[in-house]
Amino acid sequence: MLRLLRTILRAGRATEPGPSADPSLVLPSHAGRLRGSLQVRLVDAGSCNGCEAEFAAAFGPVYDAERFGVRLVASPRHADALVVTGPVTRNMAVPLAKTWEATPGPKLVIALGDCAKDCGVFAGGHGVHGSVSDVVPVDVEIPGCPPSPDVIVAAMRRVAGG
Amino acid sequence: MKHTTFVQLLDLAVGAVLVTSFAALWLRRLATVTRVIAIQGFALAGVAAVIGVYEHETELIAVSVMVAVLRGLVLPGLINRTMRDGDERREVESLINIPASLLAAAVLTLVAYTATRSVVALDDSAQVRAMPLGVAVGLIGILLVVSRRKAVLQIIGVLMLDNGIALVMFLGTSGVPLAIELGVASDVLLAMFILQVLTSRIRTKFGGTDLDQLRELRD
Amino acid sequence: MNTTEAAFIAMAVAASAAVAAAIVLPARSRVVWVGVFTALSATAGGVASLAVLVGGDSFVTVIPDVFPLGGVRLEFDALSALFTFGTALVAVPAAVYGIGYSGQGPSSRPAQAAWPVLVWSVMMVPAAGNAIGLIALWELMALSSTVLVLAEHHHNAEARRAGQWYVAMTHLSLLAIALALFILVHQTGGESFAAMRAGAANVGPVAASTVFLLALVGFGVKAGVVPLHVWLPRAHPEAPSHVSALMSGAMVKLGVYGLLRVGWDLLDGGPLWWGAVVLTVGLISAMFGILHALVASDLKRLLAYSTTENVGLIFVGVGAAGMFAASDNRPLAAVALAAALLHVLNHGAFKGLLFLGAGSVLTATGTRNLDHMGGLGRRMPVTAATFAIGGMALAALPPLNGFVSEWLLLQSLVHSLPSEAASVAVAMPVAVAVVALTGGLAAAAFVKAFGSAFLAMPRSAEAEAAHESPFTMRTGMIALAGVCIALALLPTLLANPLERAIAPATGIADGAPISTNGVYVHLAGIQAGLSPLMLTLGLLIGVVAVFAVVRRSRARSTVRDIPPWGCGRTLQTSRMEYTATSFAEPLQRVFDDVLHPEIDVVVDHHTESRHYVESIRYHSETRDGIENRLYEPLLAVARRWGDRARSVQNGSIHRYLTYSLVVTVVVLLVSQ
Amino acid sequence: MNPTGIAVALLQAVFVIACAPLLVGWTRLVRARLEGRVGAPIRQPWRDLRKWFVKERMVSEHTGWVFALAPLVLTGSAVLVAALVPSLSTSSALDQVGDLFAVVYLLLLGTVALSLAGLDAGTAFGGMGASREMTITAIAEPTVLVAIFALSVSAGSSNLGVIVADTLSRPSAAASPTNLLALAALAVVTVAETGRIPVDNPSTHLELTMIHEAMTLEFSGPDLAMIELAAHVRLVVFLTLLANLFVPWGIATTAQPLHLLVAAGAVLVKLTVLATIVATVEVFLAKVRLFRVPELLAASFVLAFLAVTASFFLA
């Protein structure tokens, strides 16, 4: 117990000053009313887990996306935005569609990484059904394979309207 | 009729009843046993007659005549008819062998004596002194029913039990009103009929009147 | 000829009219007229008890030479009036419900004839005024209820076995009660209760304790407290639902009435250990009952076990009252007894309602197994709503009457501590802990029963095809739900009737336990207040306020009829739901050293390879612990003696005749 | 039922509802800072609630009136309990209406309503959450009531106002073993009932480990807002009980505005301290396996039982 206390005191704050909101992202009209409270549900539609690692880092102590009002939630019912990673594999096409239907409006879909954008390296693969936009309407795309956490945090901040 | 002759006659008659019951236990052939029971009926009638004459009870004499007819002639006749249409052997089969039966009868007589000791102490008239014998004849009748295999012998046993009771009745009370005797007689007659039908029914069902065959009826 | 006497006569006339209707009329109209007349008879009983409880008059009469030994004496004081009132509360709606229920169920002549007799006798038993009267009415009640338990035995073997258990146990209880009463009559010299009370002084302590223990056993069997409860979870589920509603709601309470009458009225209270024994029996019953209710997946068996639990709570109240009275803390004893009596009324109302609901579900789906139900809330709205009200009262949740009597019981237990009797100081914390645990488990049992029966998707074809029950059944249930709500909101009305009802139990009573000014309930000698009316009002205001705030801001539309969120699974079927067994599994695992569940999991693999599982079957069954550890050995011994005795009868005529000879000889010798 | 009493009760309700989300925000902030993160601002919970209020309300096809009514009953009971619990003053009108038992059973009513709604959704998670929640609530019940027993023995009544007044009048009693043991027992129960770390992890994503969260998976929009608000209010109610029953100094005994202000300040300080303790406990302890929770609750029951016996033998 004390060892943990000592490390906490020694470590102090690990968060670096966060990136400002990415101005280049254009948001759909209905996204306006979030005002600093964004609940996100991560859907892994067949990614190689590279984007997941970066996305998790975005919520870690160093990048701390939570300070901008972004929170991960367990159920799409609670979520405002679906962060989808990876090309949509054949098996994940229907579940992704069902998750999108299960999310209450006003909702957004954020395609994280090149695979989600346009199947990236897996384009034309046997098990690949298509990119995310083939299954659900995508609002925001974050390029990169994988995109670095600060890019993710900037996008999140922009979406959250922070 | 003097008292001493009355006592001798009475003892003779009651003694005859007791001897016939022992004989029924001892004999092997069914036909003779039936005849012995008839004799016992007459002896019983004799007892009634002797008492009736001595106490000048005309009603008792009428009763003794009826007993003689019923127990001496009618009932043994019925028993013979039951036996006649059976083709089985006429031998007596018994659960316990003959000597053992006789010993048991002796023991039962002793029991009868001890049981009725208080009654005998009440009055020392001849009749009362003879009463234990009536009880003994009744018990031997039950022994007969218990220890014999054949249904016919059971009937005889019941008859002997009834004779024993009748004997106690004659000796105990100074004669029995005719109505009661008629009632008892009709009951016995009825019992005989039922037993007779039952025996024929057992014979048709089992081909013999050995009661042990009834054992299969148990679940 | 005061109102009570008139009401009694009306009760008897209506009951006999019902019996006549049952025998004479053809099936279709028989059910209707029997129901109507039984309801009238029950109402008459209610009027009689109200006249005594509220009006304050009493009623004593003697009906000479009904039996060879002597007449039946009726004595109807406030204590018996309370129990008869509780019976009437359940009987009227149950009779109306019976009309609809018997249409499909037991409309045979004997069943229909026995029903009014049962209602009449359950209402008359508290009115009995002498030993013979009590035993006669008790036996009449036992017989009529046996006929009703066996009503459906033609096509239901389980009912036959239940009937056997029921008859054996009730007659064991009759034996004990008769013994107790005869000892009492012998000791006090008087045959009527009044004479017994007068002669109570010269009953020695040993005799009094034996009478008390015999009465505890006798009335304990009828009340269904733990060691003697075995017939209850067997008989109640098999009886027709409106009958088991009356049995659980009212007939079981007569055990409590009997104990109170013999223990604390005729014997005028006793030493401390009387109360301690009753308290312990109550605690064990409450604990044992609710645990088995939790793991039962047969709805009516669940309700039957919860009856054992609630009777346990009533015994806790009575036991606590006895202990307080013995350690002369009279005001608190009055509060504890008031709590027990109030729970008698409350339990009668909500348990009757739950059994009627269970019956309605049984007629609609044809099954009692909770695992095969589901989704009935949308198909049977009235049954679901009334079952919810009854269930919330069972779980002692605030707005309903269960909470009021549980609160009163807790108050009486909690304010016992600064007492010098060491046993009280040790017993009370344990009592509070057990009452609290049973309260929590009762809430879990309610959620399980209501949730797996009425919510989510139907899990069987019968549940799918279920439809609401006929009009009479619905009116019965709605009436009883109304009674529950009335009892919940206006316990203040019951303040002085309760005070009058406590008075006869001279071993305990003195003073007014509950004082009220219409809205608040204050307890004598204790700084505690509760206002069920205001609490419900506050809750309603809270809910309405929240609803108003939410509705104003609900700018967006509501999306309906979409599949629930199941991790994006392609197909959402009812097989994924939590059934009653799976709901109770965690609690079963927590209490497995008490329940000893028999769990068997059958996994059958594909023929080709062991790694692929074709199907997994999970079955868990909890046999009644007491039954197979206490009753089975006893029955085994009895059976062994029976077999030995059977060898005597081996079919040989000669052996039988020998017996007669031997007996004759022995008799002759012995009778010197 | 004088008007000032009602006013005090309403004020208490509004006060608790207003500062509940802020306190939860503070707990998350403390936890973030301990983990070296910056963490969301304190007002974040209010932002989430406001956003949820305007989102779409989704009702799945198999649910009935229970699913619709449960959030209302849960929040309604939380609001009523907020009014009952003496956060600001002991002279509220509801003092005679309900006592500590009524508070406990009202919270039980809320839990039952949410469990039924979880079952009504018809999903495996809803059922799992409901079953586990009811198991833990049932096992925690004896601890709560025996702890109340201990408190009411020394105070002579189970009414909240009387207990607070008694501890106020006898400051030495606050440090008596009875109060300390009862405090410890109630603290463990607070963690169990409100679903904090050692028993249940509020911010988990793995459905199989959830208890309280699993029941709310099906709710969205305003329903979800109500359930979250109710959860926050119940946490603050429990913390207020811990604060004002054991450390009641600063609470107003009359209805004057000045006293109420001082009381508000005092209770806020106490609540912040307690919230910080809750947050640090969450960081330092890991979640306990589900079937170890009964042992944890059994330990807390023993504490409560000792409190009662201590109150008898020592008092």
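In order of appearance the chains are A, B, C and D, and numbering begins at 1 in each one.
Here is the rule we use: contacts are C-beta pairs under 8 Å (C-beta built on N, C-alpha and C of every residue); 3 or more make two chains touch, one makes a residue touch a chain.
Since this is a predicted model, take the numbers as computed values, not measurements.
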Between the pairs C-D and B-C, the one where more C-beta pairs touch: C-D
Between chain C and chain D, centroid-to-centroid distance (C-alpha), Å: 35
Mean-CA-position distance for chain D and chain B (Å): 98
Separation of mean Cα positions, chain C and chain B [Å, integer]: 65
Where chain A and chain C are represented by their mean Cα positions, the distance between them in whole Å: 58
Residues of chain C whose C-beta touches two or more other chains: 556, 559, 562-563, 565, 567
Junction residues of chain A, two or more chains touched: 75, 77, 102, 104-105
All touching chain pairs, where touch follows the definition stated at the start: A-C, A-D, B-C, C-D
Complex contacts: residues of chain A adjacent to chain C: 75-77, 94-96, 98-99, 101-102, 104-105
Of all residues in chain C, those that touch chain B in their complex: 649-654, 657-658, 660-661, 664-665, 668-669, 671-672
Complex contacts: residues of chain A adjacent to chain D: 1, 4, 8, 11-15, 33-37, 39, 60-61, 64, 66-69, 71-75, 77-78, 80, 102, 104-106
Chain D contact footprint on chain C (complex, rising order): 375, 377-378, 384, 388, 392, 395-399, 403, 406-407, 410-411, 413-415, 417-418, 425, 428-429, 432-437, 439-441, 443-444, 446-448, 450-452, 454-457, 520, 526-531, 534-535, 538-547, 550, 553-567, 572, 574, 576-578, 582-587, 589-590
Chain C contact footprint on chain D (complex, rising order): 53-66, 72-73, 75-80, 83-84, 94-99, 101-102, 105-106, 108-109, 111-112, 115-116, 119-124, 126-128, 130-132, 134-135, 137-142, 144-146, 148-149, 152-153, 156-159, 162, 207, 217-218, 221-222, 225-226, 290-291, 294, 301, 305, 308-309, 311-312, 315
